[in-house]
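Chain nomenclature is as follows: A, B, C, D and E, assigned in order of appearance, with residue numbering initiated at 1 for each chain independently.
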Amino acid sequence: MGINVIIGYTLMFIGAFFFLLSAIGLLRLPDLYTRMQAATKSTTLGAISSIIGIGLMKEDILIKSIILATFIILTAPISGSALIRAGYKVKSPMTDKTVVDKFKEKEGE
Amino acid sequence: MIFYISALLIIGIGIYALIIKKNLIKIIIGLDLIETGINLLIVSIGYVNGKTAPIFSKDVMNASLMVDPVPQALTLTSIVIGASELALAAAFVVLLYRKYGTLDIRKIRSLRW
Amino acid sequence: MIRKIVYGVFILIIIAAIAIFMSNYKFGVDKMDVGKYYLDNTVPQTGAANVVTSVTLFYRGFDTLGEVTVLFTAALGVAVLYFMGENKRKQKLQESNFVTKIGTRVVFPFILLTGAYIFMHGHLTPGGGFQGGALIATGFLLLYLAYEETSIDRKKFYLVEGLGGLTYVIIGLLGFFMKGSFLANVLPNGTLFDLLSGGIMLPIYIGVGLKVGSELSNIIDDLMCEVKCEEAGGEE
Amino acid sequence: MNIYILIFSYLLLVLTIILSILAIHVKDLLAAVIFMGGGSLLVSLVFLLLQAPDVAMSEAAIGAALTMAIYIVAVKKTEREDNDD
Amino acid sequence: MVNLANPTLLVVIPLFFAFLSIIISPFLKKLIKFVPLIVSALNLVVIYFIGVKVLYGSIVLGTTAGLNPPYVIILAVDKLNFIIVLMVNVLGFLISFYNIFYMKEEPTDKFHILFTLLIMASSWISITGDLFNVFVAFEVLSLSSFGLVGYMRSKDSIEAGFKYVVQGILAGSLLLIGVVLIYAQTGTLNMAHIATKLDYVGSLEKLVPYVLIFFGLAVEGALFPLNSWLPDAHPAAPSGISAMLSGIVTTTAIYAIIRVTVTVFNYSAFIPYLFIIALLTLFFGEIAAFFQKDLKRMLAYSTIGQTGLFVLAFSVGTQASISASVAQMVNHSFSKAVLFLVAGIMIEAQGSRNIDDLKGFGRVNILTSILFVFAALSLIGVPPFFGFFTKLAILQTLLDFPGFLGYLSFALVLFAAIIEGVYFYRVFKILFEKSDKNFQAENPWLVISPFILVLILVILSSRPMSVLNFTNDIANQLIQRTIYLTSVLGGLK
């Protein structure tokens, strides 16, 4: 049981845990914007840690998994923000508990 | 056996949409479903139980442990042909909407079949 | 209404007939005849590691030539149908947000790189000309979504499209003139698993990858122009 | 095909069929197109389980990405609501 | 000199020029309208070399990838598809000459490239010896004709085009399922190899793939249940294209059905159903043509009728009947192409497609109307023309179809001939009536192609017996399918 295998398994476990967290987040959070935030968290953190974990366990696909991880880091947040912005444009309802709406202020002046 | 049944089911759904639906976009979706169903049928015909993908690599060198490559080659062709057909069909739908202003077949005289 | 029921019954009969026909060709049973030949002597004859690519390109290369023509015809068909003459005027689109703009500028080269990687390694790893070309086309699609003033230079894309198709046909003709039969393998097979193996497959898939990439970008450019520019002047 | 992959492929196929039925029946055309794209993405996963990686990539790259883009543009140019019978 | 008698060149030359012309299209837009002409001319040269070999009874093979047939796609040219390929390229050459002067609408360079691809696809379907290759060539054919039918972008051409697109895609899917089921059954895709394997399979078991392939091809071949798109699509296309569609594309689809039925499936069990379908196609085609007011729609319906006629002749199944059906196929292609080309000239001269507006057209443009009359008479089968001998041969063979159906079909064919005579006579009468309407003289360049086609018809009419002997050899070679199987597979069983 080499050291990298142990690290690999722990990383994959963390990844799985993040997926679980975001699944719960998707269910419980009230409106689009918070739920979207949970979804992007799962794709970025969960996926990256499990991929790096697999990369650590098998040496010859380590480079590929690192490239894959950087790709996910690049694309996932962008699509998340684009989705949320589209949601805002379509005027999807915000929960009553929202405190501040930076976008309207910027839009307002 | 589930793969054959589901492939035929998807083709059935596609043909059902083609016949029943009145909306042009739904008809195009029906055609796309038929193509997807056929692709699933072709690949599942080529599958052999307990064999791996037909790509030689350092740890897979034994040719007798591989799935049939020919249906996969046919599916590659069929996917691209399906996509280009439907790109043309979508172009026709947009032009029809521009000329007739509606997506409903019943209003476009000769399309009522 | 009756016609629809007739068609419905007719189609259901076909599906039931196919199901019955398939019942005596069980799932997962080895039905290979020609497939076994391809599996056994892909490596000696073509030197490619990916058997599917060797079947699509070398043994059944004529099919893929037809498929390249199908995509070529579809691109021409869409261009003919969306042809609006010269009187096009650009319509003002929504300003897309800042994050997508910067993100696209970062990601776009990566997408092209991955697309090129996929069609360069068609004969080693899964993937090939069509998948790589489609990826490149998604890169251009991303460009269109982020910057609405993008418009690709159709002349250059037609040039790349034509050259891609021509490499395929010329390599085939080389096979014809040197070895007597179209698409015969004229280049050395090289050793397994390294980039320059696979004889004629590498140059063909480079040509096909560039061709599919530029062709699908042409189709996307027609579609995006459909969205952006209304036809000036009234309809007839 | 060991048991886990078989169960996973059953799940995927049932999901694909549900998505295709939804793609037909939902009123909003854009939602129908997105269901269609989702369905073809799941089918490309099924191709992976059927040991066909080339086809999976091709179905994902061409079937899900580009066909959906073409349909979305078609829906944007026409109307979104399907005022059916 | 590399032997030019290789059928693969028939597909590669058009493709080479098509890709070349897409490169030069932004710069030398004017040159592209000559590309289809050059392509069909070069194809005719290759066909001449192939023809020299085929006429001595040997089957010319074109292998790809340098290996022997069952593992590689092969193109096989025997006497039957030599005639079809010859007709495709002769008509392609003359119609592309016609198109150079006829096409004015905007993206003409793309039009001519699509037309080159249409010629390539028709000749590809007729020479390929691989079942999946038939599907790919069928797709190239239908896609290029979708683009060409919808080319005018007018209201009715887009409507007809969409109807054609949906039925074309459905046909392609049916054909694909059929081909795949055959692959599941036999494991190979080469027609000859499949034929040898299918001989051991019971006729009921190979019914499903056959029916699927038949209906897939029947949509393009204008047979009865699936041809509702044809009367709209053919007239909506520019006239050069409707001539190509009616003259050649339907014929290649019917050829594909013949090749699949006789060589691959060796299917005598299906012949009676084919007989009934052909009878229905003939009947409905002719009746509908009788009531048409629009000239091109009338010609489209008569295409359906004529296709029904020569499929009827084929489905009798004897060698004499197949030779009669091939002769009628040749006669119909040439005369229908002339009719559509002349119809294009007439419509361009006076604007509307309605027959009644043609009053007195004959008095002004005498030559065009005479060409129209010649072609129509040959189509109907009036004695001095080639059509008479082919129809006579068909009627003789119909008599020996057993039982009541034979007499019924004999009566029906005669009845159909009479109807054809009536509705063509009606057009003649209107053409040569006295009327004050002055038409602009027809563009002389446009008349050359139909004139040459009518010349070909006249040559055929002058020596009908030798033509019928040649079609007899064709039928003979087709019926003994073992010649095809052994020569393609090189004796490999």
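We take it that contacts are C-beta pairs under 8 Å (C-beta built on N, C-alpha and C of every residue); 3 or more make two chains touch, one makes a residue touch a chain.
The structure presented is a predicted model; accordingly, all values stated were derived computationally and were not measured.
Counted as hops between touching chains, the shortest connection from subunit A to subunit E is 2.
Seen from the Cα centre of subunit E, the chain whose own Cα centre is farthest off is A. The chain pair with more C-beta contacts between its two chains, of A-C and C-D, is C-D. Centroids built from CA atoms put subunit B at 32 Å from subunit A. Chain centres here are Cα means. That of subunit A falls 23 Å from that of subunit D. Centroids built from CA atoms put subunit E at 29 Å from subunit B.
Annotation for subunit B: residues 2-3, 11, 16, 24, 44-47, 49, 53-55, 70, 72, 74, 76-77, 79-81, 84-88, 92-95, 98-99, 113 touch two or more other chains. Residue positions 132, 136, 139, 143, 146-147, 150, 153, 177, 183-184, 189 of subunit E are each in touch with at least two other chains.
Touching two or more other chains at once are residues 1, 52-54, 58, 62, 66, 70, 73, 77 of subunit D. Checking each pair of chains for touch leaves A-C, B-C, B-D, B-E, C-D, C-E. Those residues of subunit D whose C-beta lies close enough to touch subunit C in the complex are 1, 52-54, 56-58, 61-62, 65-66, 69-70, 73, 76-77.
Per the touch definition, subunit C reaches subunit D in the complex via residues 28, 50, 52-53, 118, 126-128, 130-131, 134-135, 137-138, 141, 216, 219-220, 223-224, 226-227.
Residues of subunit C touching subunit B in their complex: 3-4, 7-8, 11-12, 15, 18-19, 22, 25-32, 34-35, 38-40, 42-43, 49-52, 54-56, 60, 63-64, 66-67, 70-71, 73-75, 77-78, 81-82, 125-126, 128, 130, 192-193, 219, 222, 226, 231, 235.
Contact residues of subunit E toward subunit B in the complex are 132, 136, 139, 143, 146-147, 150, 153, 155-156, 158-163, 165-166, 168-170, 172-173, 176-177, 180, 183-184, 189, 228, 232. Of all residues in subunit A, only 71, 74-75, 77-78, 81-82, 85, 89 touch subunit C in the complex they form.
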